[in-house]
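Each chain gets a letter, A, B, C, D and E, in the order it is written, and its residues are counted from 1.
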Amino acid sequence: MSEKLLEVKDLSIHYVTEDGRVKACDGVNFWLNKGETLGLVGETGAGKTTTALGIMNLVPDPPGVVENGEVYFQEENLLEKKEAQLKKIRGNLISMIFQDPMTSLNPVITIGEQIAEGIQLHQNLNSSDAMEKAKEMLEVVGLPKSRANDYPHQFSGGMKQRVVIAIALACNPSLLIADEPTTALDVTIQAQVLEVMKDLVEEFETSMLMITHDLGIVADACDKVAIMYTGKIVEFTDKKTLFTSPKHPYTKGLFGSIPSLDDDEDRLNPIKGLMPEPTELPEGCPFNPRCPKAIDVCKEVHPEEVITNEGENSEHRVLCHMFDSRYEHKFTDSTVKS
Amino acid sequence: MADKLLEVNGLKRYFNTKEGQLHAVDNIHFSINKGETLGLVGESGCGKSTTGRLVLRLIPPTDGEIKFEGQDIKKFDKKAIHKFRRDAQIVFQDPFSSLNPRMNVKNIISEPFEIHNIRENTKTRVSELMDLVGLSSRLLNAYPHELDGGRRQRVGIARALALNPKFIVLDEPVSSLDVSIQAQILNLLDDLQDELDLTYLFIAHDLSVVKHISDKVAVMYVGKMVEMTDYSAIFKNPKHPYTKALISAIPIPSIEVEQRRIILEGDVPSPVNPGKGCRFYSRCFERKDICKEQEPELNHVEGHGLVACHNV
Amino acid sequence: LTGCGDPDEEAGEQDVDPDEVEEKLDEDVLIVAQGADAPTLDPQAENDQPSSRITEQIFETLLDQDENMEVQPGLAKDWEVIDDTTYKFELREGVKFHNGEELTADDIKFTYQRLLDEDTASPGAFILDMVDADNIEIIDDYTFELPLHEPFAPIEFHLAHSVTGILNEDAVNEHGDDFGQNPVGTGPFKFSDWDVGDRVYLERFDDHWRGKAGVRELHFRNVEEDTNRTIELETGGADIIYDVSPTDLDRVEEAEELNLMREDDLSTEYVGFNMEVEPFDDKRVRQAINYALTMEPVVENVYYGLGQPARGPLAPAVYGAHEDLEGYEHDLDKAKELLADAGYEDGFEVELWTNEQQQREDIAEIVQGQLSQIGIDVDISVREWGAYLEETAQGEHEMFVLGWVSVTGDADYGLYSVFHSDEHGAAGNRTFLANEEVDELLEKGREAFDEEERLEYYREVQEIITEEAPWVFTHVGEQAVGMRDYVENFTINPAGHHSLFDITLSK
Amino acid sequence: MTETKTKKDPSLADQNQQKQKEQVGRSQWAEAWRRLKKNKSAMVGLFLIALLFLSALTADFIAPHDYAAQNYDSITEPPSSEFPLGTDHLGRCILSRIIYGTRLSIQVGFIAIAISLISGSLLGAMAGYFGNLADNIIMRLVDVILAIPPILLAIAIVSAIGPSLTNLFIAVGIGFIPQFARIVRGSVLSLKEEEFVEAAQALGASNKRLIVKHILPNALAPIIVQATLGVAMAILSAAGLSFIGLGAQPPDPEWGSMLSDGMRFIRDAWWISTFPGLAIATTILGLNLFGDGLRDALDPRLKD
Amino acid sequence: MHKYIFKRLLQLIPVLIGVVFIVFTITYITPGDPATILLGEQAPEEQVKQLRRQMGLHLPFGAQFFNYLSDVLQGDLGYSLTSGRPVTVEILERFPNTFILSTGAVILAVLIGIPVGIISATRQYSKIDNISMLGALLGVSLPNFWQGMMAILLFSVWLPIFPSSGFDTWQHAVLPIVTLGTSSAALITRMTRSSMLEVLRQDYIRTARAKGLDERTVVIKHALKNALIPVITVIGLQFGFLLGGAVLTERIFSIAGLGRLIVDSIREQNFTVVQGGVLFIAVIFSLVNLLVDILYAYLDPRIKAQYK
C-alpha cells in the first residue's frame, strides 16, 4: 500500500446563517494515495465544494466555521498551519480548479499574467521568466503561446477551463482539487478537457480530488470514489467495488436515476423525494425519508461508518445501518429487496 | 403515416449582431408526429432554443415555413394566434428564471386562465394541475424562491399544461437538475405524454436523456441539422461524424464498457457569417477536400433517416 | 492660482528690489471688500452701487456732492444759471485723463451725448433726460453752455451723479465695446487689472489735479456673504468693508483693532399698497394698516439697530426731507376703528409680495405677524426679482415690500418717480397713487429755483403723501463701514460711494 | 383539465411539513422585511423616519408654540426651558418650527421623488421595453437633463415658474428623473430577456400585461432603494436651493431655509441654524441607513 | 476605439441641441425682459422697445431659438447683457477657478474615498468599517454650505490657518476643496466599499487566493481594478456635478467660479450668460462622461471589445 498523500479526518464545517446552521460538511473521512484520483460525488448542496475549501483552508469566514477535524497533507495537519505557511502550500503543493470556468478567471487580467502570477510567487522567478513558463503551460494544455496576452472573454468555455487547468498545474502541485471541472462544458468539449486533465495528472504524477456529480466521469477518470449526501460521506471505496457492488441505498438510487444508453428502459428508477433543507436535516439517518429500505431505527439513530471488505486493496466504508452488525438483523428480506 | 402535428421546412433565423449576421438557425427541416417526441440535441449555441422559439412564433423566422396542424403559423391572425397560444406551450431550461419571482404558485399556474379569460373553477383547475405534476397543495401560496429546482420545474410544467395543449416545447427542462430529480421529472413527462396525448419537442444536450425520452432524434451543429433519425438508430449506428463524436463523448457510468472516445479538435466555430463548405469541417476527423468547398445537403439515407455529410 | 497676476506688475518689478516692493505693497495697498462684483466699469453701462463705488474712484463728475449731500465744484470750478434752461460751466484747467490727455469741454459734450445715445442703452440715461446734449455750446476749451429741454431745478444734483462721470473720447473709441474693462477717467485712481468676479485692481494716478491719493494701490474685493466680509476684515483680508452685516455691528465695534463708521443713507424701505385694487383703494384701510404696524421691531430685529423707523417718504439725509413728520403712531384701536369704518371689521386676506432678499422677507414676516392682530390675514409670496419688478409694474400685486434710494440726494429724485401719476408702473410709482395735488406740487418743485419755495413745496407734498398713505414707511437705511484701525481719513458719504482719495494707512 | 388521474408523487410525503407550512407563502417582500428587521442600522434608520412622520402628524400637539408666533421679548434667545432649542431673530420657537418643518421636509422629499419616480420610471420602462427609436429618443432626452447640473436646472426652473413650494418640488423632482429612468431602463432591458417574461408571452399575454404584471414588479426593488436614497438627496437639494433663496415661502418653517436664514447668526446665535441643520442631517442619515439596509435586504445576491 | 470616440462625439450633438433648447425655453418663459434689465427700471418705454427690436426679442420663439442655435453652432454665444462682453470670454475667465476647485475636490475625494472604501470592504463589520461608514454617511448627510461655514469658523476664525474667501493662493483653495471634497469622498467611499464587497465575493478572487497570493495582491491587483468601474462612474458624475454644482461653495468662499456666474446671471436675468454657461457645462460634463467611458475600456477589456 502506497503512502497516504491526503487524509481528511472527521472534518466538520458549518455555515452559520440567519436561517440556521448548515452542516455542509459533517464528520467527513477519506484519504487519498499519491498518484491516485479520488472522485467525490454528490448532488447539489451535498457539501463537495465545502469539503474542498476545507482542505485548502479557504472556507469563507463568516459564515463558514471549521468546527472540527484534521486535514493531513504529507503528514502535516493543514488546519493547524499559519496563514503564511498555507500561502506557500496553496497554488504550489495543492492547487484547486473551481467549479465555473466562466467566473473563476479575472476578467481584467491577461491569462498569461494569471498563470504567471503563481509561478512567479512560488518559484521565485522574475516576471519575464514566469511569463515564459506560463506560455509553456498554455501549450501543455493545448493552447497556442501567442494567446497569453488575451483576456478571458476572448476564449470559449472549454479554452477557459484549460486556462484554469494551466493555472492549477503551473507549479506542478502534488495534489490537484478539481471542483466539477467540466460541468459547464458541452460534451465534446468536456471530453477534450477531461482528456487533457487525465494526461497531465499522469504526466506530472499529481494526485487528484475530482469533484463531480457525474458517475460517468468517475468511471472514466477516478481510482477511488466517495459518495456524499447532506454533508456526509455515505460510501467510500475504490471505483471497481463501487460500480460492481454499491452498498448504500443512495448510491444505488443514483445509478437507478441515470438513463442508460445501452438499454431501453421504459421508466427510470429514481430516488424518491428531494434533498432535505440543509438547515432542517431529519432525525436519524439523513437519507431515511427517501430511503426505500428505511426502517424505524433509521429514523431514530444516526448511522455510524461501517468498514467492510477490509481484505482487499482498499477499504469499503458505508454509512448505513443495514451493514451495521447491531441493526443488520432488523432489515427483513422484504425491505431489502429492491 | 401518422398525423404530422408540426412540420418545419427551410426554417432560417438570422440575427444581426455587431460582428455580422449570425446564422442561428440555417435552413432546417423536420416534422413531429402527433403523440411523439422529437429530441433535439447539439452543443451550446447551435440554435436549439432558437428553433424552439421559432416554432412557437415567439420570434419571427427569417425564412421558412412552420405548419402546425397543417396550417402555416406565420399566417395566423390575432384570433388564431390566441388559439395557438393555448395549443402550444413551452417549459424552460432554467426553473429559477422561468418563474416570476413576485408571483406565487397559485398565480403562476392560474395565469394562463387569466390571459385566456377562463374564469370558472380556476381554483379547482389549479389544484388538479398541481396534483397532476405532483405538487402538494400546501405549496399553493409559496413563492418560487421557496421551492427547490425540482418543484419549480413542476410548477413550470403545470403552467404549460394548464390550457390543455397539444404540443409542448421542452427547452432543456432537466439540464439544471440533479440526476435524482431529473429522473423524477423525466418519468413525469413520460407519464403525462401517455396520459394527455402530448407531442413534445424535447431540447437537450444530454444524449442519454434525449435517448430515454425521444422517438426521433435530430442533431444540430452550428445552426444546421446534421442528422435526424429514429432514436435507436442514432445510437447504434450514427452516420454523421459529429454525431459519432457526440455519442462517443458521453461519459458512461459503467466500468464494463471500455469507451473509445473520439476527441474532436478545437472549438465550436462561430455562427457569425459562416463560410461555404461544411460547418463541421474544422473539427471533422473524416474530412475531405469537397467538405471545405461545398455544403452537404441533408439527404435521406435509406433505412436510417436524414444525414448531411458528403461521406454518406 | 497666483499665476493670474498682473503682467505689468511683473515688468515693473524688474528694476526695483523685490523685498522693498513687498514691503511697499503691504503698506500702500488698501483693500476694500463689498458684497458684489461690478459688472462693468463703464460708468454709463451700469447704475448699481458696487460699480459706482469703484467708478467713483476712476471718474469724476462735473459737480460733486460733499458728505452732507451739498453740491460742490467738481471738474467744473464754477457755474452760473443763464436762464431757466441754460447753464454755463467753467472747467478746471490742466485736468488730465489717465491716458495723458487733457480734459476739455468737448469731453463733456461727448460724455453726455454718449450717455443719452440710444445705442449706448445706458440704464442711467434718465438721469440726464432733461439735458439737450446735442446742443451743448462749446465756448472754449474750458467753457460751455448746457441747455435743458425744460426747467429743472435739481439739475445740479444730477450732474453730480456717478453715471455722468466724464469720459475721454479717444479712450472710449480706442477700446470700443471693451471700454467697461478698460476705463479711463480723470479720477485719483486709474484702472490696472481685474480678476472678474473676484477683485478689481486700481493704482494711484499720480497726475491727478488734486495731487496724489493717500495709497498707492486700491483693490476692490467681492465677498458676497456678509459673515465672510466681517471675517475678512477681522483676519486682515480686507482693510475696509462696506455694508457690515447688522448682526456683526457689535462685533466690529467692540473689536479693538477695528473701527465702525455709521451714517444714515438715502434709502427708504416701504410696504406699498396697490391703490387700484380693493381694499387698498380706501384710504382708511391704508391708514389702518399704518396705525397697526410698528417698525421698532424691524429696526431692532431685522437691522439690529442699523437705521431708524421711517416717518416719511424721504430719508432725513435727502435734501428737502420733511424733518418734522410724525408718521403714524402705533394704535391698534384706531386701526381697528378705521378698518371697521371701511367695512372690514373682520379683516381680510391679502397677499404680500417681496423679492428674495433676506431683510425684506423678514419685514414681510413682521408685517404678517403684526397685521394678524387686526384680523388681516397676510400671505407672503417671495418673487424672483425680475418677475417681481415686472408684475408690480403691471399692477398684479396687492401689497409689496420695496425700497427707494434718492441717489441724487435730492427730494425730486426721492419723490417724483414714486409718487407722480405720470410715473405709474415700471417708472417707479408701483402704488399707482394718482393725486392731482401731489402731481402739481412735484412739478412745481422741479421748476422752482428759489430754494425756500422749493423746500416748501416738498414739505407740503410729503405731508399729503403721509396722509394719503400709499406706503407704510418702514425703515430709513443706515450704512455701516468697518475698517482696520490703521485706516485714516475715511469720510463716509450718504450716497454710499465713498471717496477714497484722502485715505492713508498707518500700519 | 378534463380527465385527470390523480398521481401523487410519493416524494411529497415530506417529513418536516409542519415546519415548512409556516414558511410557505412568504413573498419576497416578506422575506426582505424579515432580513431588514435583523439589520440594526436599517432599523435605526427606520426609527428616525418613523419619528419624522410621527412629528409631522402630531405637530399640532407636540409643538410647544405656534411656529409663526413672533415674540419680540425673546429675540435670539439661547435654548431655555420655555424654548428648548432657543428662538430665532423674530423670537420664534425653533423647536416648534423644526417640528412643523417635518411636514414640509417630508413633502419636499417625498413629492419631489414621487414626481421623478413616476416620470422617470415611465420613461425608463418605455425606453427599455420598446427599444430602438423610443429608447434612443428617451435616453437622449435623459442625457440632456443629466447634462445640466441639477442645481442649475432647479434654479432655472424655479426662476422660470416662480419660487413656491410646489415649484420647488417640481424643480427638484425633474433633476432626479435621469436616475430613475436609467435604473428602470436597465432593469427592464434585462427583465425583458428573462424566461418568465417569455413564458408569459408564450401563454399569449399582452404587452400591457407583460409590463405591468411581470416587468415592473420585478424592477421595483432597485427603484425603491433609489427612492429612499433619493428622498434624502431631494431634501438636501431643497436645502441648497433655500440657501440661495429659492425655497419655501416665509414663515413656512422649511428646514433648509431655517438653516440658511440662520447662517448669518451663526457666530452669535449658533442654535438658529445648527438645530435645523441637525434635523436635516438626522433625517438624511435615517433615510440613508434605511435605504442601504433595504438594498441589502432586497438584493438576492446577498442572501447567502 | 477612435471610431467609437468619434461616434460618441457625434451623439453629443443632439444632446447639446437638446440642452440649448431646454435652457433657451426656460429663459424664454422666465418673466422679465432682457431689454428692461439692460436699461434699468427707469428707462423710457420707447427706448426699451427699440432695444428689443435690436436684440431680436420681438421675433416669435422659433425664430429666436434658431437664431440663437445658428449663432451657437458658429461658436458665438453672444454678449453678456450686464457687462456687454462676449459670453465666451466671461465663461473662460471663470472656468479655471471652477476647474481647480472641482478637480481638487475630486482628487481629494478619490485619495480619501478609495483607500477608505477598500479598507472598509476588506474588514467588513469591523470597527474601522463602522467608523468610516458612519463618517461617510455624515459626509453625505450634512448640507454642503453648512460644512463650508463650519470650516470657515473653525479654520479662518478660531484657528486662523486658512483664508475664508477669495481664490488667489493655494491657501485659499484649501477650505473650499476640503468642503467639496468631503462629501464627494463620502460618496466614493460608499461606492468603493460596496463595489469591493461585491467583487471580493467573486470566484476569481477565490482563484487568486487559491494560488497562494497574499491578501494585498489579491485586493489591489485582482479586486480593485474590477471594483473600480462603478466607482469611476460615480467619480465622473461627481466631477460633472461639481463643475456646475459647486455654486454654494463658490458663494460661501467668494470664489469667482462658473456656477456662481450662472446663478448670478439667472438672478440678473442675464440670459445670454445663462444659456452659454449651461451649454458650456453640459459640453464639459458630456466630455467627462465620454472620458469615463473610455477609462472603462482601459480598465475592462470586455468593455473595450464592445467599443466599435
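The definition used in the following text is that a residue touches a chain if its C-beta (ideal position, glycine included) is under 8 Å from a C-beta of that chain, and two chains touch if they have at least 3 such contacts.
According to UniProt, the chain labels map to these proteins: A = Dipeptide/oligopeptide/nickel ABC transporter ATP-binding protein; B = Peptide ABC transporter ATP-binding protein; D = Peptide ABC transporter permease; E = Peptide ABC transporter.
Computed from a predicted structure; not experimentally measured.
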| item | value |
| --- | --- |
| Farthest chain relative to chain B (centres taken as mean CA coordinates) | C |
| Pair joined by the larger number of C-beta contacts - D-E, C-D | D-E |
| Inter-centroid spacing, chain E versus chain A (mean Cα positions, whole Å) | 53 |
| Interchain centroid distance [CA atoms averaged], chain A/chain C, Å | 89 |
| Distance between the centres, which are taken as Cα means, of chain D and chain B, whole angstrom | 46 |
| Residues of chain E touching at least two other chains | 30, 149, 157, 251, 267 |
| Chain C, residues touching no fewer than two other chains | 227, 384, 386-387 |
| Contacts with 2+ other chains: residues of chain A | 272, 274 |
| Chain A - residues contacting chain E, complex | 56, 58, 86-92, 95-96, 98-100, 103-109, 117-118, 121-122, 151, 153-154, 164, 167 |
| Residues of chain D that touch chain C when the two form their complex | 68-70, 72, 75, 89-91, 158-159, 162-164, 245-246, 249-251, 261, 263-268 |
| Sites on chain C touched by chain D in the complex | 226-227, 245, 247-248, 251, 297, 300-302, 356-358, 361-362, 364-366, 368-369, 380-384, 386-387 |
| Touch list for chain D against partner chain B, complex | 1-2, 4-9, 11-12, 14, 17, 20-21, 23-28, 31, 194-196, 198-205, 209, 213-214, 217-218, 300 |
| Residues of chain B that touch chain D when the two form their complex | 53, 56, 58, 81-82, 85-86, 88-90, 92-94, 97-104, 111-112, 115-116, 125, 128-129, 131-132, 134-136, 138-143, 145-146, 156, 159, 161-164, 184, 188, 191, 195 |
